[in-house]
Amino acid sequence: MSEQWLTSLITETAQEGYELAIKLSRMGIKYTQPDEEIRGKIRPVYGENADNLIASSQVIATNFQTVSAANNYWRN
Amino acid sequence: MSEQWLTSLITETAQEGYELAIKLSRMGIKYTQPDEEIRGKIRPVYGENADNLIASSQVIATNFQTVSAANNYWRN
Amino acid sequence: MSEQWLTSLITETAQEGYELAIKLSRMGIKYTQPDEEIRGKIRPVYGENADNLIASSQVIATNFQTVSAANNYWRN
Amino acid sequence: MSEQWLTSLITETAQEGYELAIKLSRMGIKYTQPDEEIRGKIRPVYGENADNLIASSQVIATNFQTVSAANNYWRN
Amino acid sequence: MSEQWLTSLITETAQEGYELAIKLSRMGIKYTQPDEEIRGKIRPVYGENADNLIASSQVIATNFQTVSAANNYWRN
Amino acid sequence: MSEQWLTSLITETAQEGYELAIKLSRMGIKYTQPDEEIRGKIRPVYGENADNLIASSQVIATNFQTVSAANNYWRN
(Lines give C-alpha, C1' and ligand atoms only; values in the text may rest on other atoms or scores of the structure.)
Protein backbone atom coordinates (compact mmCIF):
# COMPACT_ATOMS: atom_id res chain seq x y z
CA MET A 1 0.00 0.00 0.00
CA SER A 2 1.63 3.21 -1.12
CA GLU A 3 -0.67 5.40 0.97
CA GLN A 4 0.71 6.37 4.36
CA TRP A 5 -1.87 5.67 7.06
CA LEU A 6 0.18 4.83 10.18
CA THR A 7 2.88 7.15 11.41
CA SER A 8 3.04 6.25 15.11
CA LEU A 9 1.50 4.04 17.79
CA ILE A 10 1.73 6.87 20.33
CA THR A 11 -1.49 8.67 21.22
CA GLU A 12 -2.29 11.33 23.77
CA THR A 13 -5.11 9.54 25.52
CA ALA A 14 -6.32 5.99 26.12
CA GLN A 15 -9.44 6.64 24.09
CA GLU A 16 -7.42 7.81 21.09
CA GLY A 17 -5.39 4.64 21.57
CA TYR A 18 -8.55 2.57 21.44
CA GLU A 19 -9.59 4.36 18.27
CA LEU A 20 -6.19 3.65 16.73
CA ALA A 21 -6.74 -0.03 17.60
CA ILE A 22 -9.98 0.13 15.63
CA LYS A 23 -8.16 1.63 12.67
CA LEU A 24 -5.51 -1.11 12.81
CA SER A 25 -8.28 -3.73 12.86
CA ARG A 26 -9.99 -2.23 9.83
CA MET A 27 -6.73 -1.97 7.91
CA GLY A 28 -6.25 -5.74 8.39
CA ILE A 29 -9.47 -6.24 6.47
CA LYS A 30 -8.60 -3.60 3.89
CA TYR A 31 -5.21 -5.16 3.09
CA THR A 32 -6.85 -8.60 2.79
CA GLN A 33 -9.68 -7.29 0.60
CA PRO A 34 -8.51 -4.10 -1.12
CA ASP A 35 -11.65 -3.80 -3.26
CA GLU A 36 -13.78 -1.06 -1.66
CA GLU A 37 -16.92 -2.23 -3.44
CA ILE A 38 -16.71 -5.78 -2.08
CA ARG A 39 -15.99 -4.52 1.44
CA GLY A 40 -19.04 -2.26 1.10
CA LYS A 41 -21.22 -5.28 0.38
CA ILE A 42 -19.89 -7.29 3.33
CA ARG A 43 -20.16 -4.49 5.89
CA PRO A 44 -23.96 -4.56 6.40
CA VAL A 45 -23.78 -8.36 6.73
CA TYR A 46 -21.30 -8.51 9.58
CA GLY A 47 -22.73 -5.41 11.23
CA GLU A 48 -25.88 -7.38 12.03
CA ASN A 49 -24.22 -10.67 12.86
CA ALA A 50 -23.40 -11.39 16.50
CA ASP A 51 -20.49 -13.74 15.68
CA ASN A 52 -18.89 -11.11 13.45
CA LEU A 53 -19.42 -8.25 15.90
CA ILE A 54 -17.84 -10.19 18.76
CA ALA A 55 -14.97 -11.32 16.53
CA SER A 56 -14.42 -7.70 15.49
CA SER A 57 -14.26 -6.67 19.13
CA GLN A 58 -11.67 -9.48 19.63
CA VAL A 59 -9.44 -8.06 16.90
CA ILE A 60 -9.76 -4.57 18.40
CA ALA A 61 -8.86 -5.96 21.86
CA THR A 62 -5.74 -7.58 20.43
CA ASN A 63 -4.64 -4.39 18.70
CA PHE A 64 -5.47 -2.37 21.81
CA GLN A 65 -2.99 -4.54 23.75
CA THR A 66 -0.30 -3.44 21.32
CA VAL A 67 -1.22 0.25 21.37
CA SER A 68 -1.56 0.25 25.17
CA ALA A 69 1.87 -1.31 25.66
CA ALA A 70 3.37 1.18 23.19
CA ASN A 71 1.98 4.01 25.31
CA ASN A 72 2.98 2.51 28.65
CA TYR A 73 -0.72 2.35 29.37
CA TRP A 74 -0.95 6.16 29.54
CA ARG A 75 0.06 5.76 33.19
CA ASN A 76 1.36 9.27 33.68
CA MET B 1 -16.83 8.98 18.39
CA SER B 2 -17.00 12.45 19.87
CA GLU B 3 -18.28 11.21 23.23
CA GLN B 4 -15.58 10.70 25.84
CA TRP B 5 -15.94 7.27 27.45
CA LEU B 6 -12.38 6.25 28.39
CA THR B 7 -10.18 8.50 30.46
CA SER B 8 -7.79 5.99 32.05
CA LEU B 9 -6.96 2.30 32.31
CA ILE B 10 -6.14 2.68 36.00
CA THR B 11 -8.67 1.35 38.49
CA GLU B 12 -8.64 1.02 42.23
CA THR B 13 -9.43 -2.67 42.44
CA ALA B 14 -9.09 -5.79 40.31
CA GLN B 15 -12.85 -6.12 40.08
CA GLU B 16 -13.21 -2.55 38.76
CA GLY B 17 -10.48 -3.49 36.28
CA TYR B 18 -12.51 -6.48 35.18
CA GLU B 19 -15.55 -4.28 34.74
CA LEU B 20 -13.51 -1.84 32.66
CA ALA B 21 -12.48 -4.81 30.48
CA ILE B 22 -16.16 -5.53 29.93
CA LYS B 23 -16.75 -1.91 28.93
CA LEU B 24 -13.84 -2.04 26.46
CA SER B 25 -15.30 -5.23 24.97
CA ARG B 26 -18.72 -3.66 24.52
CA MET B 27 -17.26 -0.53 22.96
CA GLY B 28 -15.61 -2.70 20.31
CA ILE B 29 -19.06 -3.83 19.28
CA LYS B 30 -20.51 -0.34 19.54
CA TYR B 31 -17.85 1.19 17.27
CA THR B 32 -18.38 -1.61 14.73
CA GLN B 33 -22.18 -1.30 14.86
CA PRO B 34 -23.05 2.22 16.04
CA ASP B 35 -26.81 1.74 15.46
CA GLU B 36 -28.34 1.20 18.91
CA GLU B 37 -31.48 -0.34 17.45
CA ILE B 38 -29.61 -3.05 15.55
CA ARG B 39 -27.46 -3.84 18.58
CA GLY B 40 -30.65 -4.12 20.62
CA LYS B 41 -31.97 -6.80 18.24
CA ILE B 42 -28.77 -8.82 18.31
CA ARG B 43 -28.32 -8.77 22.09
CA PRO B 44 -31.03 -11.32 23.01
CA VAL B 45 -29.69 -13.62 20.28
CA TYR B 46 -26.12 -13.85 21.52
CA GLY B 47 -27.18 -13.79 25.15
CA GLU B 48 -28.71 -17.24 24.69
CA ASN B 49 -26.06 -18.66 22.41
CA ALA B 50 -23.21 -20.64 23.98
CA ASP B 51 -20.73 -19.84 21.17
CA ASN B 52 -21.39 -16.12 21.53
CA LEU B 53 -21.23 -16.12 25.32
CA ILE B 54 -17.89 -17.92 25.35
CA ALA B 55 -16.54 -15.66 22.60
CA SER B 56 -17.65 -12.62 24.63
CA SER B 57 -15.80 -13.97 27.64
CA GLN B 58 -12.74 -14.37 25.39
CA VAL B 59 -12.84 -10.71 24.38
CA ILE B 60 -13.20 -9.69 28.03
CA ALA B 61 -10.23 -11.91 28.97
CA THR B 62 -8.10 -10.22 26.31
CA ASN B 63 -9.04 -6.74 27.47
CA PHE B 64 -8.53 -7.79 31.09
CA GLN B 65 -4.92 -8.68 30.21
CA THR B 66 -4.42 -5.10 29.09
CA VAL B 67 -6.12 -3.52 32.09
CA SER B 68 -4.30 -5.84 34.52
CA ALA B 69 -0.90 -5.01 33.04
CA ALA B 70 -1.74 -1.29 33.15
CA ASN B 71 -2.44 -1.62 36.87
CA ASN B 72 0.60 -3.79 37.63
CA TYR B 73 -1.90 -6.45 38.60
CA TRP B 74 -3.02 -4.47 41.66
CA ARG B 75 -0.11 -6.13 43.45
CA ASN B 76 0.27 -3.56 46.20
CA MET C 1 -22.46 -5.90 39.59
CA SER C 2 -22.73 -4.80 43.19
CA GLU C 3 -21.56 -8.16 44.54
CA GLN C 4 -17.83 -8.32 45.31
CA TRP C 5 -16.33 -11.44 43.76
CA LEU C 6 -12.73 -10.47 42.96
CA THR C 7 -10.45 -9.02 45.60
CA SER C 8 -7.02 -9.97 44.26
CA LEU C 9 -5.21 -11.78 41.46
CA ILE C 10 -2.64 -13.15 43.89
CA THR C 11 -2.93 -16.80 44.85
CA GLU C 12 -0.75 -19.08 46.94
CA THR C 13 -0.27 -21.82 44.38
CA ALA C 14 -0.34 -22.25 40.62
CA GLN C 15 -3.35 -24.51 40.86
CA GLU C 16 -5.32 -21.91 42.82
CA GLY C 17 -4.27 -19.47 40.11
CA TYR C 18 -5.68 -21.80 37.46
CA GLU C 19 -8.91 -22.04 39.40
CA LEU C 20 -9.10 -18.25 39.63
CA ALA C 21 -8.67 -18.17 35.83
CA ILE C 22 -11.70 -20.44 35.57
CA LYS C 23 -13.68 -18.11 37.81
CA LEU C 24 -12.71 -15.10 35.68
CA SER C 25 -13.81 -17.00 32.57
CA ARG C 26 -17.18 -17.83 34.08
CA MET C 27 -17.73 -14.28 35.25
CA GLY C 28 -17.30 -13.10 31.65
CA ILE C 29 -20.29 -15.22 30.74
CA LYS C 30 -22.23 -14.15 33.83
CA TYR C 31 -21.79 -10.43 33.11
CA THR C 32 -22.85 -10.96 29.49
CA GLN C 33 -25.87 -13.07 30.46
CA PRO C 34 -26.86 -12.18 34.04
CA ASP C 35 -30.02 -14.34 33.96
CA GLU C 36 -29.19 -17.49 35.94
CA GLU C 37 -32.08 -19.43 34.40
CA ILE C 38 -30.92 -18.86 30.84
CA ARG C 39 -27.32 -19.74 31.73
CA GLY C 40 -28.65 -22.92 33.33
CA LYS C 41 -30.28 -23.94 30.05
CA ILE C 42 -27.16 -23.28 28.00
CA ARG C 43 -24.74 -25.10 30.32
CA PRO C 44 -25.69 -28.70 29.39
CA VAL C 45 -25.52 -27.74 25.70
CA TYR C 46 -21.95 -26.47 25.68
CA GLY C 47 -20.82 -29.09 28.17
CA GLU C 48 -21.36 -31.75 25.51
CA ASN C 49 -20.13 -29.75 22.55
CA ALA C 50 -16.48 -30.12 21.53
CA ASP C 51 -16.26 -26.63 19.97
CA ASN C 52 -17.60 -25.03 23.14
CA LEU C 53 -15.38 -27.04 25.47
CA ILE C 54 -12.24 -26.17 23.55
CA ALA C 55 -13.30 -22.50 23.34
CA SER C 56 -13.88 -22.51 27.11
CA SER C 57 -10.39 -23.90 27.63
CA GLN C 58 -9.10 -21.08 25.41
CA VAL C 59 -10.72 -18.42 27.60
CA ILE C 60 -9.28 -20.08 30.70
CA ALA C 61 -5.82 -20.16 29.08
CA THR C 62 -6.04 -16.43 28.35
CA ASN C 63 -7.08 -15.60 31.90
CA PHE C 64 -4.40 -17.94 33.25
CA GLN C 65 -1.80 -15.86 31.41
CA THR C 66 -2.98 -12.83 33.36
CA VAL C 67 -3.11 -14.58 36.72
CA SER C 68 0.29 -16.23 36.15
CA ALA C 69 1.95 -12.92 35.29
CA ALA C 70 0.34 -11.30 38.35
CA ASN C 71 1.92 -13.98 40.52
CA ASN C 72 5.33 -13.90 38.82
CA TYR C 73 4.59 -17.45 37.81
CA TRP C 74 4.85 -18.66 41.43
CA ARG C 75 8.57 -18.94 40.77
CA ASN C 76 9.69 -18.76 44.38
CA MET D 1 -11.27 -29.74 42.35
CA SER D 2 -9.82 -31.27 45.49
CA GLU D 3 -7.25 -33.33 43.58
CA GLN D 4 -3.83 -31.67 43.29
CA TRP D 5 -2.66 -31.75 39.69
CA LEU D 6 -0.51 -28.63 39.31
CA THR D 7 2.35 -27.90 41.66
CA SER D 8 4.59 -25.70 39.54
CA LEU D 9 4.97 -24.13 36.08
CA ILE D 10 8.70 -24.80 36.12
CA THR D 11 9.99 -27.65 33.97
CA GLU D 12 13.46 -28.87 33.17
CA THR D 13 13.19 -28.76 29.40
CA ALA D 14 11.19 -26.94 26.73
CA GLN D 15 9.55 -30.18 25.66
CA GLU D 16 8.36 -30.89 29.21
CA GLY D 17 7.04 -27.33 29.20
CA TYR D 18 5.11 -28.04 26.03
CA GLU D 19 3.69 -31.18 27.59
CA LEU D 20 2.63 -29.18 30.66
CA ALA D 21 0.87 -26.76 28.29
CA ILE D 22 -1.06 -29.73 26.91
CA LYS D 23 -2.03 -30.77 30.42
CA LEU D 24 -3.24 -27.24 31.23
CA SER D 25 -5.31 -27.27 28.04
CA ARG D 26 -6.92 -30.59 28.91
CA MET D 27 -7.67 -29.47 32.45
CA GLY D 28 -9.62 -26.52 31.04
CA ILE D 29 -11.92 -29.01 29.37
CA LYS D 30 -12.05 -31.24 32.44
CA TYR D 31 -13.08 -28.40 34.75
CA THR D 32 -15.76 -27.31 32.28
CA GLN D 33 -17.06 -30.86 31.78
CA PRO D 34 -16.12 -32.92 34.86
CA ASP D 35 -18.08 -35.99 33.71
CA GLU D 36 -15.49 -38.46 32.40
CA GLU D 37 -18.09 -40.43 30.46
CA ILE D 38 -19.29 -37.41 28.47
CA ARG D 39 -15.72 -36.34 27.72
CA GLY D 40 -15.03 -39.88 26.53
CA LYS D 41 -17.85 -39.59 23.99
CA ILE D 42 -16.69 -36.24 22.70
CA ARG D 43 -13.02 -37.18 22.32
CA PRO D 44 -13.30 -39.33 19.17
CA VAL D 45 -15.44 -36.60 17.57
CA TYR D 46 -12.97 -33.75 17.91
CA GLY D 47 -10.01 -36.02 17.26
CA GLU D 48 -11.17 -36.40 13.67
CA ASN D 49 -12.36 -32.84 13.16
CA ALA D 50 -9.94 -30.35 11.60
CA ASP D 51 -11.57 -27.31 13.28
CA ASN D 52 -11.31 -28.93 16.69
CA LEU D 53 -7.74 -30.12 16.22
CA ILE D 54 -6.53 -26.68 15.15
CA ALA D 55 -8.47 -25.03 18.01
CA SER D 56 -6.86 -27.48 20.44
CA SER D 57 -3.44 -26.55 19.11
CA GLN D 58 -4.40 -22.89 19.66
CA VAL D 59 -5.19 -23.51 23.33
CA ILE D 60 -1.91 -25.37 23.74
CA ALA D 61 -0.03 -22.48 22.08
CA THR D 62 -1.61 -20.02 24.52
CA ASN D 63 -0.71 -22.12 27.53
CA PHE D 64 2.77 -22.69 26.13
CA GLN D 65 3.27 -18.90 26.14
CA THR D 66 2.58 -18.91 29.86
CA VAL D 67 4.80 -21.89 30.65
CA SER D 68 7.62 -20.55 28.45
CA ALA D 69 7.57 -17.16 30.16
CA ALA D 70 7.53 -18.86 33.57
CA ASN D 71 10.70 -20.72 32.60
CA ASN D 72 12.44 -17.72 31.02
CA TYR D 73 12.26 -19.67 27.80
CA TRP D 74 14.76 -22.25 29.09
CA ARG D 75 17.45 -19.86 27.85
CA ASN D 76 20.24 -21.12 30.07
CA MET E 1 11.19 -23.87 2.77
CA SER E 2 14.56 -23.27 1.16
CA GLU E 3 13.63 -19.76 0.00
CA GLN E 4 14.72 -16.96 2.34
CA TRP E 5 11.81 -14.64 3.00
CA LEU E 6 12.40 -13.31 6.54
CA THR E 7 15.69 -11.73 7.50
CA SER E 8 14.66 -9.48 10.38
CA LEU E 9 11.69 -8.30 12.44
CA ILE E 10 13.09 -4.78 12.56
CA THR E 11 11.45 -2.17 10.35
CA GLU E 12 11.95 1.54 10.00
CA THR E 13 8.36 2.60 10.55
CA ALA E 14 5.22 1.31 12.24
CA GLN E 15 3.47 0.98 8.90
CA GLU E 16 6.28 -1.17 7.49
CA GLY E 17 5.94 -3.22 10.68
CA TYR E 18 2.25 -3.68 10.02
CA GLU E 19 3.01 -4.76 6.47
CA LEU E 20 5.56 -7.28 7.78
CA ALA E 21 2.81 -8.62 10.07
CA ILE E 22 0.66 -9.15 6.98
CA LYS E 23 3.50 -11.02 5.29
CA LEU E 24 3.97 -13.25 8.36
CA SER E 25 0.23 -13.99 8.34
CA ARG E 26 0.28 -14.96 4.68
CA MET E 27 3.34 -17.16 5.13
CA GLY E 28 1.44 -19.13 7.77
CA ILE E 29 -1.09 -20.02 5.12
CA LYS E 30 1.59 -20.68 2.49
CA TYR E 31 3.49 -23.12 4.73
CA THR E 32 0.24 -24.93 5.56
CA GLN E 33 -0.87 -25.06 1.92
CA PRO E 34 2.22 -24.83 -0.29
CA ASP E 35 0.29 -25.44 -3.52
CA GLU E 36 -0.07 -22.04 -5.20
CA GLU E 37 -2.94 -23.23 -7.39
CA ILE E 38 -5.08 -24.34 -4.45
CA ARG E 39 -4.38 -21.10 -2.57
CA GLY E 40 -5.41 -19.21 -5.71
CA LYS E 41 -8.79 -20.94 -5.68
CA ILE E 42 -9.41 -20.22 -2.00
CA ARG E 43 -8.42 -16.55 -2.11
CA PRO E 44 -11.55 -15.17 -3.83
CA VAL E 45 -13.69 -17.20 -1.41
CA TYR E 46 -12.31 -15.78 1.81
CA GLY E 47 -11.92 -12.32 0.31
CA GLU E 48 -15.70 -12.01 0.20
CA ASN E 49 -16.46 -13.76 3.46
CA ALA E 50 -16.86 -11.62 6.58
CA ASP E 51 -15.78 -14.42 8.97
CA ASN E 52 -12.60 -15.01 7.01
CA LEU E 53 -11.76 -11.33 6.65
CA ILE E 54 -12.13 -10.69 10.38
CA ALA E 55 -10.15 -13.84 11.19
CA SER E 56 -7.40 -12.66 8.82
CA SER E 57 -7.30 -9.32 10.61
CA GLN E 58 -6.98 -11.26 13.89
CA VAL E 59 -3.92 -13.13 12.64
CA ILE E 60 -2.38 -9.86 11.45
CA ALA E 61 -3.09 -8.27 14.87
CA THR E 62 -1.31 -11.15 16.59
CA ASN E 63 1.73 -10.90 14.33
CA PHE E 64 1.71 -7.12 14.70
CA GLN E 65 2.08 -7.58 18.47
CA THR E 66 5.27 -9.52 17.82
CA VAL E 67 6.69 -7.06 15.29
CA SER E 68 5.78 -4.07 17.47
CA ALA E 69 7.49 -5.53 20.52
CA ALA E 70 10.56 -6.36 18.41
CA ASN E 71 10.76 -2.72 17.40
CA ASN E 72 10.11 -1.30 20.87
CA TYR E 73 6.97 0.14 19.37
CA TRP E 74 8.98 2.58 17.21
CA ARG E 75 8.92 4.86 20.26
CA ASN E 76 11.94 6.95 19.31
CA MET F 1 5.54 -38.73 23.96
CA SER F 2 8.81 -40.51 24.49
CA GLU F 3 10.35 -39.14 21.29
CA GLN F 4 12.44 -36.00 21.79
CA TRP F 5 11.40 -33.35 19.29
CA LEU F 6 12.06 -30.03 21.09
CA THR F 7 15.42 -29.26 22.61
CA SER F 8 15.44 -25.46 22.58
CA LEU F 9 13.42 -22.39 21.57
CA ILE F 10 16.57 -20.60 20.45
CA THR F 11 17.18 -20.33 16.71
CA GLU F 12 19.81 -18.54 14.69
CA THR F 13 17.51 -16.54 12.48
CA ALA F 14 13.97 -15.15 12.55
CA GLN F 15 12.96 -17.43 9.69
CA GLU F 16 14.16 -20.53 11.55
CA GLY F 17 12.15 -19.21 14.49
CA TYR F 18 9.08 -18.99 12.31
CA GLU F 19 9.64 -22.53 11.13
CA LEU F 20 9.96 -23.69 14.74
CA ALA F 21 6.61 -21.98 15.41
CA ILE F 22 5.13 -24.09 12.61
CA LYS F 23 6.56 -27.23 14.16
CA LEU F 24 5.10 -26.32 17.57
CA SER F 25 1.71 -25.76 15.92
CA ARG F 26 1.81 -29.15 14.21
CA MET F 27 2.86 -30.91 17.39
CA GLY F 28 -0.25 -29.53 19.11
CA ILE F 29 -2.32 -31.42 16.56
CA LYS F 30 -0.14 -34.51 16.77
CA TYR F 31 -0.44 -34.75 20.56
CA THR F 32 -4.23 -34.30 20.32
CA GLN F 33 -4.56 -36.86 17.50
CA PRO F 34 -1.59 -39.25 17.70
CA ASP F 35 -2.94 -41.55 14.96
CA GLU F 36 -0.94 -40.75 11.83
CA GLU F 37 -3.53 -42.34 9.56
CA ILE F 38 -6.39 -40.16 10.84
CA ARG F 39 -4.25 -37.01 10.58
CA GLY F 40 -3.41 -38.03 7.01
CA LYS F 41 -7.12 -38.09 6.13
CA ILE F 42 -7.80 -34.71 7.70
CA ARG F 43 -4.85 -32.90 6.12
CA PRO F 44 -6.22 -32.57 2.55
CA VAL F 45 -9.53 -31.34 4.01
CA TYR F 46 -8.16 -28.40 5.98
CA GLY F 47 -5.56 -27.63 3.34
CA GLU F 48 -8.35 -26.53 1.01
CA ASN F 49 -10.53 -24.85 3.61
CA ALA F 50 -10.14 -21.10 4.13
CA ASP F 51 -11.33 -21.21 7.78
CA ASN F 52 -8.81 -23.92 8.62
CA LEU F 53 -5.92 -22.26 6.80
CA ILE F 54 -6.49 -18.93 8.57
CA ALA F 55 -6.90 -20.70 11.93
CA SER F 56 -3.63 -22.55 11.30
CA SER F 57 -1.90 -19.26 10.60
CA GLN F 58 -3.34 -17.97 13.90
CA VAL F 59 -1.80 -20.86 15.85
CA ILE F 60 1.53 -20.25 14.12
CA ALA F 61 1.33 -16.53 14.97
CA THR F 62 0.75 -17.38 18.64
CA ASN F 63 3.69 -19.77 18.76
CA PHE F 64 5.84 -17.28 16.86
CA GLN F 65 5.20 -14.76 19.67
CA THR F 66 6.71 -17.26 22.10
CA VAL F 67 9.70 -18.14 19.93
CA SER F 68 10.37 -14.47 19.11
CA ALA F 69 10.34 -13.46 22.78
CA ALA F 70 12.65 -16.39 23.60
CA ASN F 71 15.12 -15.08 21.03
CA ASN F 72 14.83 -11.41 22.05
CA TYR F 73 13.45 -10.86 18.58
CA TRP F 74 16.84 -11.63 16.98
CA ARG F 75 17.62 -7.96 17.58
CA ASN F 76 21.40 -8.30 17.52
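Residue numbering begins at 1 within each chain, and the chains themselves are lettered A, B, C, D, E and F in the order written.
The rule is short, and it goes like this: a contact is a pair of C-beta atoms (placed from the backbone, for glycine too) under 8 Å apart; a residue touches a chain by one contact, two chains touch by 3 or more.
Chains and their UniProt names: A, B, C, D, E, F = Peroxidase.
Model, not experiment: these values are computed from the prediction.
Under half of the residue numbers found at the subunit E (Peroxidase) and subunit F (Peroxidase) interface occur in both copies, marking it as a different-residue contact.
If you average the CA atoms of subunit B (Peroxidase) and of subunit F (Peroxidase), the two centres end up 31 Å from each other. Separation between the centroids of subunit C (Peroxidase) and subunit D (Peroxidase), computed from CA atoms only, is 15 Å. Shown for subunit F (Peroxidase) are the residues that touch two or more other chains, namely 46, 49, 51, 55-56, 58, 62, 65, 69. Chain-to-chain contact here is organised cyclically: the chains close a single ring, every chain touching exactly two others.
Think of the chains as beads on a loop: from subunit A (Peroxidase) toward subunit E (Peroxidase), the beads read A, E, F, D, C, B. Of all residues in subunit C (Peroxidase), those touching subunit B (Peroxidase) in their complex are 1, 4-10, 24-29, 31-33, 35, 38, 41-42, 45-46, 49, 51-52, 55-56, 58-59, 62-63, 65-66, 69-70. Subunit C (Peroxidase) meets subunit D (Peroxidase) in the complex at residues 13-15, 18-19, 22, 46-51, 53-58, 60-62, 64-65, 68-69, 73-75.
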